[in-house]
Amino acid sequence: MTLLRKPWAWAWIAAVAVYAVTIAATAGASAAGLAQAAFTFAAFSVIVGLGQMFVITLGPGNVDLSIPATMTLAGTVALKFMDGADDRAVAGLAVALGIGAGVGLLNYALIKALRIPPIIATLALSFIVQSTAIWTNRGIRIKPPESLAAFSTGNLWGIPNLAIVAGLLTLAAWVLLERSAWGRRVTAIGQSPAAARRAGIAVDGVRLSTYVLCATLAGLCGFLLSCFSGGAALNMGAEYLLISIAVVVIGGSSVAGGNSNVPGIWGAALFLFLVVSMLNTYGFGAGPRMILTGIIIIAVILAASLRGRGAEGG
Amino acid sequence: MSDAPALLSVSDARLRFGEVTALDGVSLALRPGECLGLVGHNGAGKSTLVNVLNGGLALHAGSVAAGGRAGRWDVAAARAMGLRCVFQELSLCPNLTVAENARILHRGHFGLRWRAEARRLARAALDAVFPGHGIDVRAQVASLALAQRQMVEIALAFAEAGTPARLVILDEPTSSLDAGIAGQLLAHVRRFVAAGGTVVLISHILSEVLATATRIVVMKDGKVVADRPAAAFTQAGLVAAMGSTARERQRPDRAAAAAAPEPLAVHASPRGLPVRVAPGEVVGLTGLAGHGQTELLRALHERLAPAWAAGRDPKVAYVAGDRRFDGILPLWSIRRNLTISALAALTRRGLVDGRAEAAAAEAWRTRIGIRSPDLGLPILSLSGGNQQKVLFARALLAAAPLVLMDDPMRGVDVGTKQEVYGIIRAEAAAGRAFVWYSTEIEEMELCDRVYVFREGAAVAELEGEEITEAAILAASFAGHAAEALA
Amino acid sequence: MRLSPDLIRLAVPFLALAALLAGVFWLQPRAMSYTGLNLLFNLAVPIALATLAQMFIIAVNDLDLSMGAFVSFAACVTATFLHDTPVLGALILAASVAAYAALGVVIHLRGLPAIVVTLGMSFVWLGLAVMILPAPGGAAPAWLRALMTVRPPLLPMALAASILIALVAHLIIARSALGVLIRGVGGNERSVARAGWSVLRAKAAAYALAGLFGVLAGMALVGLTTSADANIALRYTLLSIAGVILGGGEFVGGRVSAVGAVVGALTLALAGSFLSFLRLSPDWQIGAQGAILILVLALRLGLDALERRRRGRA
């Protein structure tokens, strides 16, 4: 059972189990619809989760808390820039990605200049980014261009377009992490920054590019999310703060850094969405739904640790 | 041989870690009033034996008996017997003060006014072993120098608190200490043993073991191969027993170095001599431990290794001495650890070329003799000495013209050392430059040029035949740095 | 006397607090009075308590992402059960402290990442809070209200209580044998275990202390606001982390300071008041909080550099 020994296997098993239980409640009536919805919404979690994964791989204390604010700012500004015009769709995407990259640059500038833990630097900057978003938005809701709205809600042969985008990004992230020299260096830094430095790795360059990558993906996610939901909202990124961390860790990557995997992010993102819909299906109120969500997160991490005992050092 | 009953004994101890046999039928008895010197190659099983003695590892076969009685043997039982351990890695809490560490180490010894008691205890312990130590027991351990931390750890192991110390195990206790401090420690060991205590001393500095131990046990491949009174050994005899051949010290051929033209790198500091190194040269840094040698290497490395964008050809490579801190990447395989510094050369269009990587790692495995059946195994499956070899191979595989070495032979066995010396000379002959900091004076005799450090600066430069133990010691100890410069 | 780096670290939050206070007094001289100070530091006590709770977790190298949800939960229990049926209320609060200790045990025994477990627990606490108080309401027990509005001579309640709390927490973490053990676990867990201590008990104690201070934070909050709702303290998660770091703490290595944490919390509490005195557009209030956080950390860096240069000369 080598598959079961993979750190990401449990997230997938859990996702499939929850899916089966939910389908059972509706006697299979919504199997395809639920799967489609799950892949669509999981796509957002996956996009931010991939960026967060690279950041978390950099080692203890490395986490990007500015993801929600970046998503909001990128979505808001891009929609305002495009102003519903289809011919500015590509330029709008570039604006969103540029904002993301800019935030990432500032994040690392703060980390480096003030020598503070990333968790605090990204938190402090996220306050400023959030304020900028509030200031640009001023409560006006601008619709996305038709073409983008259609693309983000459409699908290809039954597969949601967003899931395809996220899938391609996942593939790219896997190559980066597992096959590229850059991924090797990120992983080395996560195990021991001092040893990585003495091994000749340009630690600052690698960390900077990681933070820029993470924030750029957050910008992309904000762009897609605001196109998907017909406009940017000021709190649209809020839930992705905890989710981006949760998908990485439930997916079997080590929070201590230096040991990450890509497939688990998909499993965890699907799982997190399916848990909520399962509880909805069974008619739970908001309170019990939250409690069960929490318990399941803990149960998954506990199950992963029990498995980890058997396959340590592998 | 004394007839006193054994304080602690192991008989026919056997232990395996996966593929590797760590202990292969070791029998050993420790008696009151003896200092047992334990020597052997890295990977010979010394550290494993220590961990069995202190209850940290359970045996697969064989038994441990305390006071002649076999029974359950674990960390708690070892502590109750009065066994204290000083490990090769530092095991203090760096965020606590020296006194608070005393509180942690000697559980159950303190009353309500424990803070004052702990300060008194720590101060007395330091005074007893290292008179004139100058360490403030209220200082945070993190703010102390490496040598001072080791002194604190040793002193606390001998401290009179709780169950009296009856058996103290010292695993490479002098590795960070300079000769004077090490002398104080060894003198204390002799006093402790004379008063009926037992010490197990593990050290790679054979003269130290010969001068201090009453009995010496030589280990090899998980077995005891010699067990005799210390007086029955000579340095050459010990080396022979460990399985490596004692050889004539060889002076390097200096003809090549003398012709070296432009310096490759110069490190000028506001005080002291500028440190120069030219292609093909082996430059040594020596002097008492902790007098600025490591700092110079780090500064040189920071300057030459780009922090933001590394090019394809590294300018400098680094062999760490404190391998747990800035050497190994603990989650990785041996292969990945070996190739990380040369990754740029093993990469095609951003992706690592797996076949080229495997070939490069395999070539160095053979050349430097890494003892492992498979380079895909975790780096932590290797013994300390073999891990150090991987770090050497890592630095040499990177095609850097300059290699910096930060006391890299710490805890490496004699045989490995000789092999590595040979590789260093061969690489230097091929045009590579080395800056080599070592705490062992004999290694300086292998260098073309040597800088002696004192109080953070290079105070003397010795070349060729001038490099002698006497000259180095004279430069290390003479007066103040300022006088030597004037 | 030689200034240790630790003292410098501790001086920064004091300096920041003094600077903010000076700014407030300059803008609004009438704040320089008993009543004015009482208003300025109105919510300081619960924030300080929550920050100390977070400090105990950070001392053992963990991070609690559920602190805000837990304080909300404790506030909801205080405003309902503790008010209506004091014995039952006290039992529930005691049980929640025990739950915290149990969390510490589980996290240690299974080697779980605390970030993820507390992430899951944040859903649990929030779900429980929603079930107890689906809509804002409840009432503060009379004795608690009286305690939080007491007017001691000389110093306003908020400041007097903060000093007392800081003192008690300092005695626990810095002076007591338990505190040394907890910090020792943060500094070098292996050697603490080797010396024969139970790391499990130390972690359970640290988590129980966190639970206790979290409960106290919830109670103090209800005493001040007289009612509660499930989202009342969600901001405390990030505020408490920021407070510990502002106060000179570090995420790893058991380096924390109780006095610093309380001063850090006071600084953050005052930051809100300061901004309203500046008559900033509400758009920028969050952003300015981030800016203050950055400024304070920059100040710490500057002082550290100064100290290093001084030592370099010596």
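Think of it as A, B and C in the order they're written, each chain with its own count starting at 1.
Here is the rule we go by: a contact is a pair of C-beta atoms (placed from the backbone, for glycine too) under 8 Å apart; a residue touches a chain by one contact, two chains touch by 3 or more.
All values reported here derive from a predicted model rather than from experimental measurement.
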item	value
Partner chains shared by chain A and chain C (touch criterion as defined above)	B
Top-ranked pair of chains - ranking by C-beta pairs in contact	A-C
Length of the line joining the C-alpha centres of chain A and chain C, rounded to whole Å	29
Chain B-chain C separation of Cα centroids, rounded to whole Å	43
Contacting residues of chain C [partner chain B, same complex]	4-6, 175, 177, 180-181, 183-184, 186-188, 190-192, 194-197, 253-255
Residue ranges of chain C touching chain A (in the complex, touch as defined)	65, 106, 110-113, 115-117, 119-128, 130-131, 134, 238, 241-242, 245, 250-252, 281, 283-291, 293-294, 297-298, 301
Complex interface listing, chain A residues touching chain C	60-61, 65, 110, 113-117, 119-120, 123-132, 134-135, 242, 245-246, 249-250, 254-256, 285-298, 301-302, 305-306, 308
Sites on chain A touched by chain B in the complex	175, 179-182, 184-185, 187-188, 191-192, 194-205, 208, 258-259, 313
For the chain B and chain A complex, residues of the former touching the latter	301, 305-310, 314, 316-318, 320, 325-332, 336, 340-341, 343-344, 346-347, 350-352, 378, 380, 394, 398, 400
